[in-house]
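So the structure is just underneath, and the comments pick up after that.
Each chain carries a letter (A, B, C and D) given by its place in the written order, and its residues are counted from 1.
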Amino acid sequence: MSMQALSSLKIVEWAEGVPGPYCGKLLADLGAEVTKVEMPGCGDRARKRGPFPDDIPHPERSGTFLYLNTNKLGVTLDVRSRTGAEVFKRLIEGADILIENHPPSDVARLGFSYENLKKVNPALVMTSITAFGQTGPYCDYSTCNLVSFHASGMAYINPSDGVDDIEQEPPLMGPANQGDLVAGLTGALTTMSAVFARRMTGLGQHVDLSQQEALVSMTRHQLGNYTVEQFPWLRAKEARRPGVSEVYRCSNGLVYLICNDERMWERWVEAMGNPEWAMTELFADRALRRENWDAGKAMVEEWTMERTVEEVVRLAEASRVPCKAINTVRESVHSELLADRGHFVDIHHGEAGNITYPGAPYKLSRTPWQVNRPAPLLGEHNEEVYCGRLGFTRQDLTVMRAQGVI
Amino acid sequence: MHELPLEGIRVADFCHVWAGPHVTQWLAVMGAEVIKIESHLRPDLTRSFFAGGKTLMPGLNQSVDFAVLNYSKKGCTINMTLPRGIELAKEIISLSDVVTENFGGPVMDRWGLGYPDLKKLRGDIILYSGSGFGRTGPYKESPAYAPIIDAFAGLTSLNGYSGGEPCPFGVGGWTDLTAAQHGAFAILAALHHRYRTGEGQHIDLSMSEVDCAFLPDAVMDYTMNDRVQRPQGNRDIAMAPHGCYRCQGEDNWVTIAVSTDEEWKAFCNAVGNPEWANDERFRDGPSRWRNQDELDQLIQGWTRNHTDWQAAGLLQEAGVMAGPSLSPQAVVQDRHLAEREFFFDMEHPEMGTVRLPRLPLNMNHSPFGKYEHAPSIGEHNDYVFRELLKMAEEEIAQLQEEQVIF
Amino acid sequence: MSTQKLPLEGVRVVDFTAIWAGPHVTQWLAVMGADVIKIESNIRPDAERAAFIRTTTEPTMSAVFAALNYAKKACTLNMTNPKGRDLAREIIKVSDVVAENFGGAVMDRWGLGYPELKRLKSDIILYSGSGFGRTGPYSELPAFAGIVEALGGMCLLNGYLGSEPLPMATRGYADLTSAQHGAYAILAALYHRSKTGEGQHIDLSMTEVVGALLPEAIMDYTMNDRVPRPQGNRDVAMAPHGCYRCQGDDEWVAIAISNDEEWRAFCNAMGNPEWTNEDRFRDGLSRWKNQEELDQLVGEWTGNRTRFEATDILQKAGVMAGPSLKVEDVAHDPHLAERGFFVELDQPGIGVLPMAGLPWKVVDGPRGDYEHSPALGEHNDYVFKELLKMSDEEMARLQEEEAIL
Amino acid sequence: MSGQALSGLKVVEWSDFVSGPYCGKLLADLGAEVIKVERPGTGDKARSYGPFPQDIPHPEKSGLFLYLNTNKLGVTLDVRTATGAQILSKLVEQADVLVENNPPREVEELGFAYKRLSEINPRLVMASITPFGQTGPYRDYRSCDLISFNASGLAFVNPSDGVEDPEGQPPLKGPGHQGDFVAGLSGAVATMAAVLTSRVTGSGQHVDVSEQEALASIMRSYLGLHAIEAMTWKRLKGSIPGMVSDKYHCADGMVYLLCGQDRFWAQWMKAMGDPDWAQNELFQDRISRRENWDAAKAMIEEWTRERTVEEVVRTADASRVPCRPINTVKALANSELAAARDYFVDVDHKEAGTVKYPVGPFKLSQTPWRVQRPAPLLGEHNEEVYCNRLGYTRQELTVMRAGGVI
């Protein structure tokens, strides 16, 4: 196992669902030793969520869980029991980082506030990924991907297109777990910054990540335009998409095509064979085009409808106009591109068998992303961690198990 | 005052538009000295973006998009089309730790600034390359436009209302920003590795892979079960109710998610319809899930008579996940974000006082990081050429003459 | 009401069993309504009829016998006499189950092995209970509970921490647990017969029953090659988990705490004495590791209360606790009384006495057939006249020939 | 499958730990189809109790659980949820027998009182195995093996021998979980009786098994002696009538030998070579022998101490005096007896591997005891039972899993 970028970091992940675990995954996949603490019995709630092979639910076969927990050590621990709390503190003593995503009040009640934990380990970086952060009037609100996504303004401006009467439709949550994953990603980022700060001060920090903020900052462009230009973001279609980037129907599917600056427009018109309509005053410049775009789009689509997705994409790319087919996951998994990049990796898991997983979206030339172990079985590393590292005896182990502590 | 994590780290930043600048945005706020390299020949595209707000044609230094993506950076202008310009860039790079770029193709190679060349300039250099489809593979020359990538990678096919058409993601530049944060994280990991080993490396990030990383459940449902998922709107694979409901007022919405029978009972009591809990159709999770349409009807009947905040407050009181669906403008007014100082006023030489969102970076319960206004084009030429490269007045004048510094 | 029908009504059992392990099998069958015909003779009565502890005037009746043979019928057959064995065959022909627990292959020697029985009645069910099984090296050896408990490993597990092996004081523990396994196997065989018409031979080994009741120890050995030792009243995880002295003469209360919540409840119930806050008892693992001290302190608390006070206080607090009852306490336990566990039997020669019933209770269902235990040969008339339809002369002759004896 | 005594009998085991599961095991090992219902997550409590291979706790590797649950189908179900309750009802509807060992009050509160279940399925035999039964003042007492064993009088008269000062020692519970086993056993007998009845009458019954009674009935001879001879017992050494020490030390171990009774006494004295002391008046009949037993035992032990266990046993066997070595389970497992009787069978289990299990303690010539399948993994047969038998779809399975119902 070649040295990895984060090999020296020891992390305790007391988190479940998506945000915390994705944060932990990002660190683990680059070599950090992440010890995942799960509730005895049910474990991480992601274990309950599909997809499952053949749709037969099984705690060790949740696609979501398998993906989010690669490269981690897994232990079970009921931190609410007194023994559990003691064991937890011993884990913290030896850790560089604690990732947690529990309601601040719960954390405090259990005695794991940063103030307490830093007494145990002053160098500890504690990253708390919560719905609305550690402070503020909503800090104890409970949330899920849906609520956070909508609380960020993103659902409001989604979707951009493809709906006829947007105002009749409610604001729209992004697909899958976008909101949770962004929170986890931002958590990894802010965690690393605390790791650097610690290099200088030798002291840990409490990273307070609000999922709402993580998501809100994804709309920084809209926010800026509102705060600075008082440009109100309405859900009315016409009010929304500057430029003429659109979905176009082709004879056998949909493409997405962008031609929002002059040069692209010219190249695109040329690619379409300089149709007369395009030469008219209505489309002379960007501002005009936007005003008259309904007409414009109709014309373009008339043209694309006569052609296949492949043709349109080829023609567009030939004239350096950004354009791609609107793919399903299947096409993207089988795309020449991702195959060529070796993006998808097959991982063998004791319970789930061989499955193809998405890899990392980046390649580090010297310290590659790698899968050293699949997601842990529930409590798989209890013995390794509790006996091997914390020095408990196996008898302690059996007692703690029977007491439901692990 | 905290010491900033990346103090002492210098970044030579060739990034432009969205995906790149957001990477260095994070580095800058974390304290790195980010030197943005543009020129009047090739200013960052976002300098000419406009949202359709009050200033229709903003000057190069007045673009909001640029302002929210480039604060805390320094700007200098170098004409990279001239050999001498490339020389200057090399001099800056040899004084830097990280080089970042997100060109539509191997521009760096053409300039003789590929990773092998950079390594010669500085053995431990870290080069970050962000692109739509990766620096290797068949599309390595394709320009990166988020919506195109989303279409290609399958994100678009999953975004939308159930049964409806796929909707391009309304959050302009969504994938630019998620990719950027993955990029920033990878850079921090590489820096961590460099601190321990003195080794630099090349980071090659592909935005299309970022999409896959964010669609693991859909991807694995396909790789495990050969199933192609479709848009599910605001619905969840298990929770019901789980949706966004219309409230009093114009285009006001509240989201509600119920995950257990207990929460359901709490919900029914909170909305003053305890009898719903005994309704056969809704008595338990699966029944509710099966009868979501009727359920959503009923709930909307209730939300209709409340404002989004009333509804959210009422339900959160009862321990039910709920929150308003905020528009960007509502986000700006949100009292919670206000209390957490998520928006800050920044003096901008040409735009005056602008209120911008900061990054979701909080340490020990307070906002954290370096926040300075985005640089006007070439604003820090003096600093860069005189202080950093120790060039004499005449030399600088000479280079300006020759349009090398331009 | 149909549910009042006893499950084994119409099932006849020829019962050659004696002492404890056998009779307790047929006792279950009898109470469940089977017509159990106990076969003895004056030359070979059930040894327990003469159990040494006795105040009864009745020579062939003892408390122990009475506790193990109620609801059965008894007849006397001299099995050493060919005619006696023929009579047995006659009875078997009109029966469904034959039960025996001889120390060896006695039935075979009598020509009443399973093959012969099958010929007499093809769907017959033969139950053979023995200490070591009807096959294998010890098939001819006599067995007693203590012996099989020793052999089966129970002695070496029963006892206080580090103590010597302690045979289970409850004489016949292995007898009675084996008997119930036997009764169960017979019911299963009857069920099979009711579906297929097939009978069969049941060969039960008491030694194996002991093993069946010690799976943790056996699996620990087969998995870890470890030989577990006596653990006294301790549990592998609970602490406190023990039996504590109370006020009064040799009176005790058993207490078990399985988690922190119960511990808190326990401490509150005791009025939170100082020591309950000590670190060594702070959490489950610590408590388990410091059991000696813990037991000491708990004992001090129970010492000032009667076992019933202690039980009451703790159960009210939701803590597992109960008095350690003496035999006479059990006999007068209000709970057992209210549930009608004891049945009043009018035992000729002894009088009306409350006998321990069987732990077989059907809600709103039949109470079971509880009749007094039979005197030796009490039902000869029923068996020979009613069942075998013999004339008085015939019967007289057979008595003469000492076939009926 | 066919040819087993109880094949065709459908049993639902809603039981935890030892008593109910042993009852279920007795039925399953003879061919009944036993569907074991475990709570999702932790499952049966026995899974948390050892022994575990190498003492590493693992929910699928508990020796106690593996032994107690051979031949059963395993499903997970939270009967406290509305859906869970519905499903249990469905299972009961199709079953001949329900074996449960839950607190009576809980069973009623959950709506599973026999009254209600018999409306769903009039043929149902419901066996309730609880510490103190369904009625009486102690019915709601919380209990475990220790409590029940003590409540039955067994602990008080245990041990018989080997303790110097019994009064100084507390009453003693039996090894392992004797109380729970005896209760489960009594439950199996009573259950079969009810099954036979319902075959005739077509209607079921509620079997009420009290562990206290099951154990007290083991005390029947004591209770008889108390009732008839008004005997009471003290724990003073030798004060328990009928209790004499039959344990003898040999040169290399101990034997248990019975020679008190007349028929054995003569044989044994002969075997020892008719020692003079044996002629003594003190030992002429069993009554006097019993009074002077300590003396007798001392003399006999003098003889046995000079011989090995093996010699003593051989001598005893030769003279048909009951005698066996006092064995460890190890000695039992390795005994020629166990081998000759095939008392141990290798069972292969997916998680625990191949381990030796004790077989049923009786052999049925026509319908042998058999291991059709090892103990179920937690929820192993959810799909088989819920989809194939109850007709739920896999999607509903997924929803129920996510909802924590299964």
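In the analysis below, a contact is a pair of C-beta atoms (placed from the backbone, for glycine too) under 8 Å apart; a residue touches a chain by one contact, two chains touch by 3 or more.
Source: prediction; values computed, not measured.
Q: Chains in contact with chain A and with chain C: which ones?
A: D
Q: Applying the touch definition from the top, give me the chains sitting in contact with each of chain B and chain D.
A: A
Q: Counting C-beta pairs in contact, which comes out ahead: A-B or A-D?
A: Looking at A-D and A-B side by side, A-B shows more C-beta contacts.
Q: Taking the mean of the CA coordinates per chain, how far is chain A from chain D in Å?
A: Computed value for the inter-centroid distance: 53 Å.
Q: Starting from the mean Cα coordinates of chain B and chain C, work out the distance between those two points in Å.
A: 75
Q: Between chain C and chain D, what distance separates the C-alpha centroids? Give it in angstrom.
A: One centre to the other, that is 12 Å.
Q: Return the residues of chain B touching two or more other chains; collapse runs of consecutive numbers into ranges.
A: 237-239, 259
Q: For chain D, jot down the residues that touch at least 2 other chains.
A: Chain D, residues with two or more chain partners: 48-50, 52, 54-55, 398, 400-402, 404.
Q: Give me the residues of chain C that touch two or more other chains.
A: 236-238, 258
Q: Which pairs of chains touch each other?
A: According to the stated criterion, the contacting chain pairs are A-B, A-C, A-D, B-D, C-D.
Q: What residues on chain D touch chain A, complex-wise?
A: 40-43, 48-50, 52, 54-59, 378-379, 382-383, 394-395, 397-398, 400-402, 404, 406
Q: Which residues of chain C touch chain A in their complex?
A: Spelled out, the residues of chain C in touch with chain A are 236-238, 258-260, 282-286, 288.
Q: Spell out the part of chain A that touches chain D in their complex, as residue ranges.
A: Interface residues on chain A, with respect to chain D: 40-43, 48-50, 52, 54-59, 378-379, 382-383, 394-395, 397-398, 400-402, 404, 406.
Q: Quick one: which bits of chain D touch chain B in the complex? Just the residue numbers, please.
A: For chain D paired with chain B, touching residues are 81-83, 86, 396, 398-405.
Q: For the complex, give me every residue of chain A touching chain C.
A: Spelled out, the residues of chain A in touch with chain C are 81-83, 85-86, 396, 398-405.
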